[in-house]
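Paired with subunit B in one complex and with subunit C in the other, subunit A is shared by the two complexes that follow.
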Partner chain A sequence: MLTRINVGPIHPSTHGVLRLVVTLDGDTIVDVEPHVGFLHRGVEKLAENRMYMQSESYMEKIDYAAPMAYSDLYVAAVEEAMGIHPKERAKYVRLILLEFQRIASHLLWLGTFCNDLGQMFTMFMWTMKDRDLVLNLLQDVTGSRMFYVNMRLGGVSIDLPPNFEEHANKLLDYLEKRFKDYEAFLEKNPVFIERTKGVGVLKREDAIALGVTGPVLRASGVNFDVRRDYAYYAYEKLHFIPQVQTRGDSFARYKVRMQEMKESIKLIRDALKLMPEGDALGMPIKLISPPVKESEVIVRRELPRGEGMIFMVTDKQRPYRLAIRAPAFINLSALRYIAKGARYADLFSILGSLDLVMADVDR
Partner chain B sequence: MLIDSFGRLVVEVIVIFILIVFFDYIFGWLERKSIAKAQFRHGPTYVGKFGILQNLADIVKLLAKENIIPKNADKLVFSTAPLLLLALFIFLIYLLPFSNSLGIAISVGLLAIFVLLSFAPLLIFLTGAASGNKFSLISAQRSVIMSLAYEVPLILSVAAVALYAGSFNIANIVNSQAKIPFIALMPIGFIVFFIAMLAELERPPFDLREADSELIAGWLVDVGAPYYAVALFVDYTRMFLGSLLISLLFLGGWLGPYLPSLIWLLIKAFVVAVVVVIIRATTVRMRLDRLMRFGWFWLLPLAVLNIILTFMLFVK
Partner chain C sequence: MKIKKEELIEKLRELSSNGYNYLVKITAVDYIDHLEVIYFIRNMQNKKEENVRLDLKNGESLPTVIEIYKSADYYERELSEMFGIAIEGREVKRLLLEKWDGLEAPLRKSFQWGSDYKSG
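Let's look at the complex of A and B:
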């Protein structure tokens, strides 16, 4: 006998307002039907009614777990349209800030993932504490903890403070130690291994066909990372290995993100060493008839959740049309395929392993 | 004579009830504080010194609220099963001796306790199934399936204890640990019993019935505020029963130097309870099918091995 259960939109483990209609046969999932759109705010339309640099703060609110990555994506699209290239130092500053943002986002994910597995709030509080230190560092730079709005055309609004390198190195050493602790804490726990290994397997072909990106794609054995394959900023100059796992299960997705945080630490250290002196400040642009060069632009950036893209049709004052490819929305589409046949208890750990932010899904 | 023994019984009943309330209250506070410590939080701080009165404030708040019984619920069963569950656990604690002089030491105490204890999953099933909610129903099903996984190893590990002590009387069992507690004699049996008790007490990693992240609160989803207070009381009383059983059967019960026997028993019970809380803070939840496999492929053979070893080494 089949049972249909309505999970959400208000439920402790749906990471926001996601509604799932689950069909169960006993304890086995027959079908999962995600219903999205509860958090739709029409960001794309809002951008059409604002001048180019007024939309940046709206873009940050698309993904509240990694806002800086989105503001960078939008500013990069405007830069492309105006034909402005970021300054040499700004390329490094942006990379450092974005990698710190990636670490903060992955830490938040790790905590909520453990919550989904049923280890209520211990890991969550630990990672939130470490994430808080990263946010403090970003606050030192930008003056804000959550929505930074620090990217400007050709550079950043506020350059790194003079003692930044010292603080950052101290924090990176601390984080490196913590990541080792986390790995020992989780990977030596047989119940954690049992709950993640072989659960929610996304095969390589399916991953490509569904269009998932980011850590979810790399966990399925596809060696693709926008930071390397379409290198931007200082990623061109720094040595960097995308983290790939082959099994495609929840554990692989966990492992990819864990390794990515370590890789980010290396990237930041290298960038701090190689960063040139000079000016990183971006230019304020004319609000009235800015120098728009291109009529259509498309940019892609590796956000913490996957590949983000902006397609922008430009106009004189403001974008004529803006379309955002949100990584979490496309990663969510994989849920229906990988949750089939899993146990009901695993549904939320699979959902958690996809790293969803519902604001990003619904825009 | 008759009046004397009746008076003594009344005093004992009152003393044990005070003990139950005392443990429930202190454990409720201790759990919140120690979980908070493990998670870099402060836990309750505002009400009373160190937040000691927080639970009292919570219970007053919960009892002052309206009791809502869902429309789809079977009203009779839904409103009696949680109370019966509480009564069951309190009654079970009355079957335990607290020292050589306090508490009832009946000759078939061990048998009676484990027979009655197997009613608990049934009552949880009734509450869950009667509430008319699908999450509760899943939780109710899990409750029954879980009891299949751990009841048999639980009884078998207890059987080894009874075999060694040669008695079902818990007082005799404790007194036969005068030289060396059973945890040292049968460590395998202790591990099996401890794990099975974790499942019986609905404590992580076996809290599948209450699984916050998937079933919201399991069989308690539709329970109104006053009944939720009852459910909290059930949870802590159950914890008291479990830690008492572990300390009586394996840790030497009230035996210990210098301090009065009742204090020793309470110290041991609190230590066991804190260990259970630490396990709660660190481990992720097990899955139902894995729990079944674990119960039948690991716990059961280990329990049988324990019985055989006990028989070969100590009884013969």
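Let's look at the complex of A and C:
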């Protein structure tokens, strides 16, 4: 006999407002039907009605766990439309800030993921504390802890402060030590291993067919990273290895993100060494932007949650159409395929490992 | 590449058998007198991308491509509610706008701000 269980829309493990209707046969999941849209704000429509640079702060609210990554994606699209190239130093400054943002986002994920697995609060406290240090550093640069709005056409709003390199290196050394602690705590922990290894396996072919992206795709053995395959900013010049795992289970998805944070540390260190002197400041925000040169642009960026893409049809002063490919949206669509056949208790291990931000799904 | 609506399934089958196995996004643009639907497709081996575009008249429907790309599921549902494009060949449930029935599709240019939306 089949049973139907309603989960959410408000549920501690859905990280936002997500309703799942789960059909169960005994303890085994037969089907999961996600109901989304509770956080839909119509960002794409809003952008059509505003001047180019007025929309930047809206874009940050799409993904509140990694706002800077989204404002960068949007500003890059506007830059491309106007034929503006970021300054040489700005390419490095953006890379450094975006990689710190990636670390902050992955740390938030790791803490909440461990909460979902019943590793109550030890990891959450650790990661939130360390994430706070990263946010402090970003606050030193941008003046804000959550919504930065610091990307400008051709550069950033404020250059790195004079003592930034010293602070950043100190923090990176600390984080490197902490990641070792995390790994020792989690990878020798029978509860964590039992609840992630072999759970929610997504095979390579399925991952491609379902269109999943980012760490979820790489955990299934697909070697694809926008930072390398469509290199932008200083990623072109720095050596960098996309982190790939082959097992495709929840543990592999954890491992990919863990390794990615370490890779980010390396990237930031290299960028700090190679960063040229000079000017990184972009144009101040004015209502009337420079003239648009392209009628259509496609821009891709590797956001912490996966590949983000903006397809923009331009008009004189505002976008005619702005289409955003949100990574969490497509990762959520894979949930029902991954969860099929799993046990109900494992649903949240799978859901958590997809790293969903509901505001990103709904836009 | 620009194609006709009738060629869509055939073209996508050909592309997917040539290694273009990853659907990045399906989206549409409203040009008031017609709609343009765009399929962004990627070859995961050599990372090449192909845009398949087709024009739709207002009120015309679109064949589903879910047989070729499983990931088209959510994109087609989004397309049908945001642009009011009917999808042939599959059941299309509402996704983001569950209680939007009978109202103008929001991403059409004819949709006006603050018009007759009533919640519930």
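Keep this in mind: the second predicted complex is superposed on the first by the 359 of 363 C-alpha atoms of A that agree within 3 Å, B and C clash if a C-alpha of one lies under 4 Å from a C-alpha of the other, contacts with A are read in each partner's own complex, and residues count from 1 in each chain.
We adopt the following convention: contacts are C-beta pairs under 8 Å (C-beta built on N, C-alpha and C of every residue); 3 or more make two chains touch, one makes a residue touch a chain.
Fair warning: this is a prediction, and the values are worked out from it, not measured in the lab.
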A:Ala359 in the overlay: touching subunit B, subunit C, both, or neither? Say first, second, both or neither.
neither
Can A:Thr3 be said to touch subunit B (first), subunit C (second), both, or neither?
first
Classify the contacts of A:Gly37 with the two partner chains as first (subunit B alone), second (subunit C alone), both, or neither.
second
Give one of first, second, both or neither to describe whether A:Met309 is in contact with subunit B, with subunit C, with both, or with none.
second
Is A:Ala77 touching the first partner subunit B, the second partner subunit C, both, or neither of them?
neither
I'd like to know which partner A:Met120 touches here: subunit B for first, subunit C for second, both or neither.
first
First, second, both or neither for A:Leu210, with subunit B first and subunit C second:
second
On subunit A, the residue positions that both subunit B and subunit C contact, one per complex
none
Touching subunit A in the complex, subunit C uses residues 21-25, 27, 29-30, 38, 40, 44, 47, 69-71, 73-74, 95-98, 106-107, 111, 113
Going by the contact rule set out above, which residues of subunit A touch subunit B in the complex?
3, 5, 11-13, 27, 114-122, 124-126, 129, 185, 189, 191-192, 194-195, 343-348
Using the touch definition from the top, list the residues of subunit B that touch subunit A in their complex.
35, 38-41, 134-135, 138, 204-205, 207-208, 211-214, 216, 281-290
Taking the touch rule as given, give the residues of subunit A at its contact with subunit C in the complex, in rising order.
35-37, 40, 42, 44-45, 49, 208-211, 222, 224, 229-230, 298, 307, 309, 311, 313, 320-321, 323, 325, 329-330, 332-334, 337, 362
